[in-house]
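There are two complexes below, and they share subunit A, which is joined by subunit B in the first and by subunit C in the second.
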Partner chain A sequence: MRISNRSLTRSALVHLILGGYTIIALFPVILIAINSFKSRKAIFRSPLSFPDTDSFSLIGYETVLKQGDFFGYFLNSLSVTLVSLFFVLLFGAMAAFALSEYRFRGNTLTGLYLALGIMIPIRLGTVAILQMMADLQLVNTLWSLILVYTAQGLPLAIFILSEFMRQISDDLKNAGRIDGLSEYVIFYRLVLPLVRPALATVAVFTMIPIWNDLWFPLILAPGEETKTITLGAQVFIGQFVTNWNAVLAALTLAIVPVLILYVIFSRQLIAGITSGAVK
Partner chain B sequence: MGSLKLQGISKSFGPVEVLKDINLEVETGEFLVFVGPSGCGKSTLLRIIAGLEDQSAGQVLIAEDAVDHLPPSKRGIAMVFQSYALYPHLTARGNMSLGLKQAGAGKDSIAQQVQLAADMLSLETLLERKPSELSGGQRQRVAIGRAIVREPTLFLFDEPLSNLDAALRVNTRIEIAKLHRTLKSTMVYVTHDQTEAMTLADKIVVLNEGRIEQVGHPLELYRRPANRFVAGFIGSPKMNFVSGEAAAAFGAAEIGIRPEHIALSRDNGTWRGVVSHAEHLGSDTFVYIEVEDIGLLTVRTLGETICQPGEDFYLTPNTEALHRFDASGVSIES
Partner chain C sequence: MERHEAGGKQEALRKPFRWHILVFLLPAATVYTLVMIYPLAETLRLSLFREVDNSPIFVGLANFADLFFDSRWSDQFWNALWNNIYFFIVNMLVQNPIGIALAALLSIPRLRGRSFYRTAIFLPTLLSFVIVGFGWKLILSPLWGVAPTLLDFVGLKFLFAPWLGKEAYALTTVALVSVWQFIGLPMILIYAALLSIPEELMEAAECDGVTGFAQFWKIKLPLILPTIGIISILTFVGNFNAFDLIYTMQGALAGPNFSTDLLGTLLYRTFFGHQLQLGDPHMGATVATMMFLIILSGVALYLFVIQRRITRYQM
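Let's look at the complex of A and B:
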């Protein structure tokens, strides 16, 4: 009886802590979302209250949809994120497979070199990157962003994936070799499906910083045609007047796609995070 | 045809030499077992035969052809792994037919081959199941089926029974022995378990630290071990080794007596000792006796010998079945 009592208080405490953290984490997001549905006056009068019949207003969304090519920004963000994600996962998995599967001179050194990118932020090289993009005439193209984000995402992807790939039994790959499967088929058909949880983990960790990034779009692709959504939302922040309705509406809209992608990956993600711990 | 020849195979991983000049010949239809303690290089040797690992020196010949430059799939081999290594995304049928599909066989002939193997291993009802829906023993049968379907000139088994529980291990062992009789193919089998080696093999190769210690028929190894290592490795319970004065009496640096070659008596005998522990198995009794000046000896007696720790016994070794070794551990022929 005492034991079950104690575990009850314990689980209550755990839930309290986790609940508190959830509230802290979600608070700014919810604040943005509820205020995006309010009139300008209501935002400043009582920023914490939910919209009611009096204060409800869609003016922010109307502005966003009317002014600027918001749909275009959206599409830019989405294509940059998805294409970068695809390259990070593909090249990351390939490099991880080579590092974990084949013995060759300089294997460890190559692995360390590739992991270096986790520790050194890519933004340190912004000036050089800008010069390089200018030389390649890639400034103001989505490809400049895709290339930078792929480079930015690869170190962590290779690090996580090569750890996971080391756990896959050699016997399985060898069975494939004896059955006459090529290394590519072994990689795509046998190994990749088995590291799917790790791929999802990498996808989430790669996707969110790319989607939210303001730095590189501002420097490499500030043109109207190539603006991403985070950059597009800045339109409404002026030096003297800021259209808060529009900013909040734009940010709320920007949350939606990442949320959808996250939901898609999340089940695999949890499997990926726990598989290392429980096994 | 079907024979395997290894000529001067060596393998090093960096500075570590795991195989040293292995020379071996396997006749067609023979069941060869590599046995040795873990880390002796037996699995590496099997992987070299399969082509999954490159040798540092030497040549592998399968059916008289040098296969060193051929990939595993072109060597005419099939392999069964310790961890089954079934493709998780394919059904049992898919697993068994993949190799033939890759080799470009026709649909009908694949179906026929799979059916044949399934009959042999009584897998008919399991063919449409995924590996995750099969038990350990069933998975290993599918893995063996996958090997049979390829109709290889050489079967390779890499500790196939190690992941099975004791009862299944005996059953599968019998199944593999039956399979060898039916297929009459050449089989190479790796294990660290000397019982498996003794029960399955036509010829045992005892490996230790990358070298072949002895090659021979199971009973030949049991009766005439070439050296102290083989003597200690083959046979269960392990052979007793005695050195010092007791060995000098037989003109050797060390003598070995198998537990089953020592007679126990309460009244008289060569050595006297005190029982330290007894294991009663019903059919046999293993008695561990602490003998003065010699140490702990294992004695195997038939049936139920009643004895308690602390009791005094006399031991008499059967001098006919005694093994004598010189100072370097090599057997002295009598």
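Let's look at the complex of A and C:
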């Protein structure tokens, strides 16, 4: 009896701490979201209550949709993220296959060279990157961002994917070789499908920093046509600082895509981390 | 290419040059070299030059001498460097212990609601700096009054101050917001490490009467030290490269009075200029080179000293 009482208190304490921290983690997000649906008066009078029929208002969203081209920003972010992701996964998997499958002179060295970028942030090369993009006339194009993000994502992708590819049995690939399949077919038909879970993990890790980045859009593509949603929200909020309805609505709109992606991929993401993909 | 020639000489003995290796490696190596390695090297090179009459002139380490000793630059540089060190220390001391504690609680066997807690606590890590920065700015704003109201609930209203606007508190406040955002990372990595500890080990510990907190402190903690090492170096690299959060919360001038200035915001201002001064790519490159050297020495210290000293246990 005493023991079960003690374990009950203990588990209550554990839930109290975890629940408490969960509130700290979610509170700001929820606060922003509920206040974005309120009238200006209600935002200030009772920030902590949910909107009711009295205080409900969409004025913030109307301002956002009228004033900012959020749909265009969203499309820019989406195309930059997806195209970069495609190149990171394709080029990353190809390089990882070469490094894990073949023994050739300079293999380890090439692997180390490509891994340098895991720890050294690409941001430190910004001065020269801007110069190069200006020379190539790529400033204020989405391609400048795609190039930078592809380079940024490759090191970790190659590292994780080659770890996974080393675990694929040689018998399978050798059977393919005996059947006369070329190395390219072996890569595409046999190896890629087997590392699909690893590709998904890499995709999530690659996607988040690209979607959220503020530095490179600010420096390489600040033009109205090429603004990403992160930069667009930043600029919009900067202009509308005193319009709290609009700011809260813009923040909520910026949270929604991330939230949707997270709900879809959270299992994959956490499974990827806990299976040791990043150890 | 050497390989090709060597193969040519001994054609009969050696396999032909395996072009497919080159084809597989070339796209990644090209993009990585041209867009990442070359600009990094070029930035290091630019830091040794200066613009005189529209043409670059080699000046050796003069830019670095200016950055360290010439009061036009050195005040801001040392200020940003110390702020950055303080920012890192706050992150290490608050984020990682809390992250480890949360992971330890999450890994308790048969815990109900585990995946809900895990998902919720990890969520802020995925939000963009714009959301995190402005969201907290609004919450902490005395105009809105959410923070004082909440403090009032627990009877601590007298503690409230416009933290972000006070030189003495602003940096700590921003550092704590950064902790709030990134706590999911140590939590999830430590959680994964704790899960990989074999069941039998814990059963053996229980047979010996080592349970609860003692079990965590004496058995689990030594086993997850390598992961704590990884978290520390990730925090280090992230913190000495931080820019976005300061920029969204305090602007490029990292106010009030540069009290939240980090190396990242200093780099941005030096490179692009702001109200008070013109942008200077060469001084920008000099700041970037200093950041590079700091990050590189941190990574080297981790790889060659810390990682080798940590005892790893076969599990």
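Note that the second predicted complex is superposed on the first by the 220 of 279 C-alpha atoms of A that agree within 3 Å, B and C clash if a C-alpha of one lies under 4 Å from a C-alpha of the other, contacts with A are read in each partner's own complex, and residues count from 1 in each chain.
The working rule: a contact is a pair of C-beta atoms (placed from the backbone, for glycine too) under 8 Å apart; a residue touches a chain by one contact, two chains touch by 3 or more.
Because the structure is predicted, anything quoted here is derived from the model rather than measured.
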| message | Contact-wise, after the overlay, does A:D171 reach subunit B, subunit C, both or neither (first, second, both, neither)? | response | first
Counting residues of subunit A touched by each of subunit B and subunit C, the higher count belongs to C
For A:L181, using the defined touch cut-off, is the partner it touches subunit B, subunit C, both, or neither? Pick first, second, both or neither. first
First, second, both or neither for A:P193, with subunit B first and subunit C second | first
*When the two structures are overlaid on chain A, which partner does A:S7 contact: first (subunit B), second (subunit C), both, or neither?*
neither
- In the superposed arrangement, does A:I129 touch subunit B (first), subunit C (second), both or neither? second
Given the complex, residues on subunit A that touch subunit C span 11, 14-15, 17-19, 21-22, 24-26, 28-29, 31-32, 43-44, 47-48, 87, 90-92, 94-95, 97-99, 102, 104-105, 110, 114, 116-117, 119-129, 131-132, 147-148, 150-152, 154-155, 158, 182-184, 187, 208, 211-215, 219, 230, 233-234, 237, 244, 247-248, 251, 254-255, 258-259, 261-262, 266, 270, 273-276, 278-279
Within their complex, subunit B touches subunit A through residues 47, 50-52, 71-74, 77-79, 81-89, 98-99, 102-103, 146, 150, 158
Subunit C contacts subunit A in the complex at 2-3, 18, 20-21, 23-25, 27-29, 31-32, 34-40, 42-43, 46, 98, 101-102, 105-106, 108, 111-113, 116-124, 126-132, 134-136, 138-139, 144-146, 149, 180, 183-184, 188-189, 191-192, 195-196, 227, 230, 233, 237, 241, 243-244, 247-248, 264, 267, 271-272, 281, 284-285, 288-289, 291-292, 295-296, 299
Touching subunit B in the complex, subunit A uses residues 169, 171-172, 174-181, 189-190, 193-194
